[in-house]
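Here subunit A shows up in two complexes: once beside subunit B, once beside subunit C.
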Partner chain A sequence: MHTYEIFLKKDGRDEYRHAGAVDAANDDLALVMARESYIRRAEGDRLWLVRRDHVIVGDRDFVSPNADKPHRHHDGSAVAARRKASREESTS
Partner chain B sequence: MSLSDRSHAIELILAFADDKHLMGQQHAEWIGVTPFLEEDLAFCSIGQDELGHAALLYELLVDEDDEAAIDGAIDALAFGRSADEYRSCHFVELSTDDWAEAFVRHWMFDLADRLRWEAVASSTNEALRDIAARVEREELFHRMHADGMLDVLLESDEGRCRLRAATEKMAPLALAMFEPVEGETQAVADGVIDRPFAERRDEFVAAVEARVGPIDWGEPPSQDGRRVRSADWAPLMARMREVFELDLEARW
Partner chain C sequence: MPRTWTDMDDFEAFLDDGGIVEVDDDMPDEYRNAVFAFIEMHANSELMGGLTERDWIPRTPGLRHKMSVLAKTQDEIGHGHLLYMVAADMGIKTRTEMLEDLFAGRSRFHNVFHYKAHTWGDQVAIAFLVDAAALASQQAVFKNCSYGPYRRILKRIISEEGFHMRLGEDRMMRIAEGTETQKQIFQDSLDRWFWPALQLFGPDSKPNDVLLRWHIKSERNEVLRDKWVQKFVPMLHSYGFSVPAPDLSYDDETGKWDVGPIDWEPLKRTLAQGGPDSERRIREARENWERTAWVRAAMEQPDTVGATT
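Now for the complex of A and B:
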């Protein structure tokens, strides 16, 4: 048996979204099982299956170091906070 | 929709519908106990399809106009007849708690089912023809499931052995699916079906043996034109009617 990850797409404008996983003996049966396990109520009209052991996985040690780089966040909140503080200082 | 203008096809439709109905129930009883979760959903879904097909076929025999009356009449046909009024074959009546047997029955039933639907695909009865076109999308999936599982199971010696044993056990009962029913000759003459179902028996046998090899088919049971029920029918029907009988007047 292999584990397959299921991706569904409902509408032309939507992206494929991960829906879950099934265990199946081969690709053909995985399609059959995915259909019964995840699209029984027409949750999607397009289907991708990816065998889990074909997924390229980034190791956590490789991925996580970037969590300590707040300067790469560019939503402006830090600047806005500084400007607000400085405004309050000048009016007081 | 009504078949009243083709009354000699009634037994034929009834046999078809009763087989579908009982097969659906048998499959549904595997919910929660098939070997793995995905199979559980797939197998019971196939059973649910069969029940849906049975309802479509029963509806052909109903002479009512409004929806509630149609539903009531379908229920009466499905659950309210006496044993000798059913036309199910013994193949679908058999109770089994052996997964190999249940799976093999699904495979064999859907093989035969394909031949049955083909017989009505160009029927002179428009309603029947429409149903045949509509159910094929689901039947296609049933066959994909059965054939896909067979491909995998036949790869191992143990799988092959167990499948052959289960097929041989089911074989005589499977042959009895093809037993002629009353009015069948006339139904062919009227063009309701294109030929007697029994004429497809050899084709069915060949299709089964193409997968599991030559088997001993044994002797089909005596069903007297499907008028005689097997020992497993009454307990099966009691299980089916269990909730229905709690309150016969209830509106569902």
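Now for the complex of A and C:
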């Protein structure tokens, strides 16, 4: 038996989303089990199955290095403050 | 490296801050055990509920309702599948171990599945009262559940339980509009099922309930139970049925119904597998499990019986 992770896509605008998992002996049975367990009411019209032991998992420390890279973000507050100041200057 | 916490205080601060625990996190054993036990009982209840529903497929009146009972049965068994998967992933018991414990009477399932459904009216009362109670409990868990995999699976379970509740209300309206005999049959069913449905919420939550502290449940049992009472007592009255509570009273000032003292002994008996129909239900579920061993064997080794596509 293998565990398969199930990904469903609901319509053209959405990405595939993880829906859950099933156990099955082979790919064909996994497809049937996935349909009967997760897609009885149009929860998606496209289905991906991935064997869990084929999923490559990124280590959390490897995936989340962005906390120390503030230069990749700009929340716009500095620009907004300057814009506001110049607006007040011109109206005063 | 799995996500870790230095101690229980650190973990609880994470939960209080709205943190969501994932299956590969290094969660404290107490949390893992409590969440697992809760999901296992939910899974068992879905499966036992599905088997009860299945009993009624041949006896359901009318093709349309028979078809809807088929759909509901598949839903309940499906919910069992989904939940056993989430529970098994926690690494405490395998799905087979959970099923074997259930069929040996070693693990728990909800009180309402320890009673016998005598008539079609009982099935209607169950779909109406019990499904609503189960749905309210599940919604209260979904709202703020700190265990991510359970929360995500609850979302789809809840949407399907909504379908069951609407079916229940549809069926109840038909009975309410039926003959005097049909109405009497349904009143008898209400008399049998009102209290077990109310007791599904359990006794008042204890102050130190870890399920509340760890954000598995978002609401105290007595609050959910009271909401159910305030909704269903007037609704049953509006359809012309009475509520089997001798001490039922209405407070004009607060505008609230009070069902009076609750006898918790029946609930305790069901939790010890000593309900009126516990023995038969567990035995039949076990016999069903044994009878279908060949299906599982074929599913596990499909190539040996040429069962692929």
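Heads up, the rule we're going with is that the second predicted complex is superposed on the first by the 75 of 92 C-alpha atoms of A that agree within 3 Å, B and C clash if a C-alpha of one lies under 4 Å from a C-alpha of the other, contacts with A are read in each partner's own complex, and residues count from 1 in each chain.
In this section, a contact is a pair of C-beta atoms (placed from the backbone, for glycine too) under 8 Å apart; a residue touches a chain by one contact, two chains touch by 3 or more.
Since the structure is predicted, the reported quantities are computational estimates derived from the model, not experimental observations.
In the overlay built on the shared chain, the residue A:Glu43 is in contact with subunit C alone; subunit B does not reach it. Counting the residues of subunit A touched by each of subunit B and subunit C gives the higher count for C. With both structures placed on the common chain, the touch criterion links A:Arg35 to subunit B but leaves subunit C unconnected.
In the superposition on chain A, A:Asp59 makes contact with subunit C only, while subunit B stays out of contact range.
In the superposed model, A:Gly20 lies in contact with subunit C only, and not with subunit B. 22-26, 28-29, 36-37, 40 are the residues of subunit A that lie in the contact sets of both subunit B and subunit C, per the superposition on chain A.
Subunit A makes touch with subunit B in their complex at residues 22-26, 28-29, 32-33, 35-37, 40.
Every residue of subunit A that touches subunit C in the complex is listed here, in rising order: 1, 19-26, 28-29, 36-38, 40-41, 43, 57, 59-61. Touching subunit A in their complex are the following residues of subunit B: 36-39, 41-42, 45, 141, 144-145, 148-149, 151-152. Contact residues on subunit C toward subunit A in their complex (touch as defined above): 1-3, 24, 71, 74-75, 78, 81-82, 85-86, 89, 95, 152-153, 156, 159-160, 299-303, 308-309.
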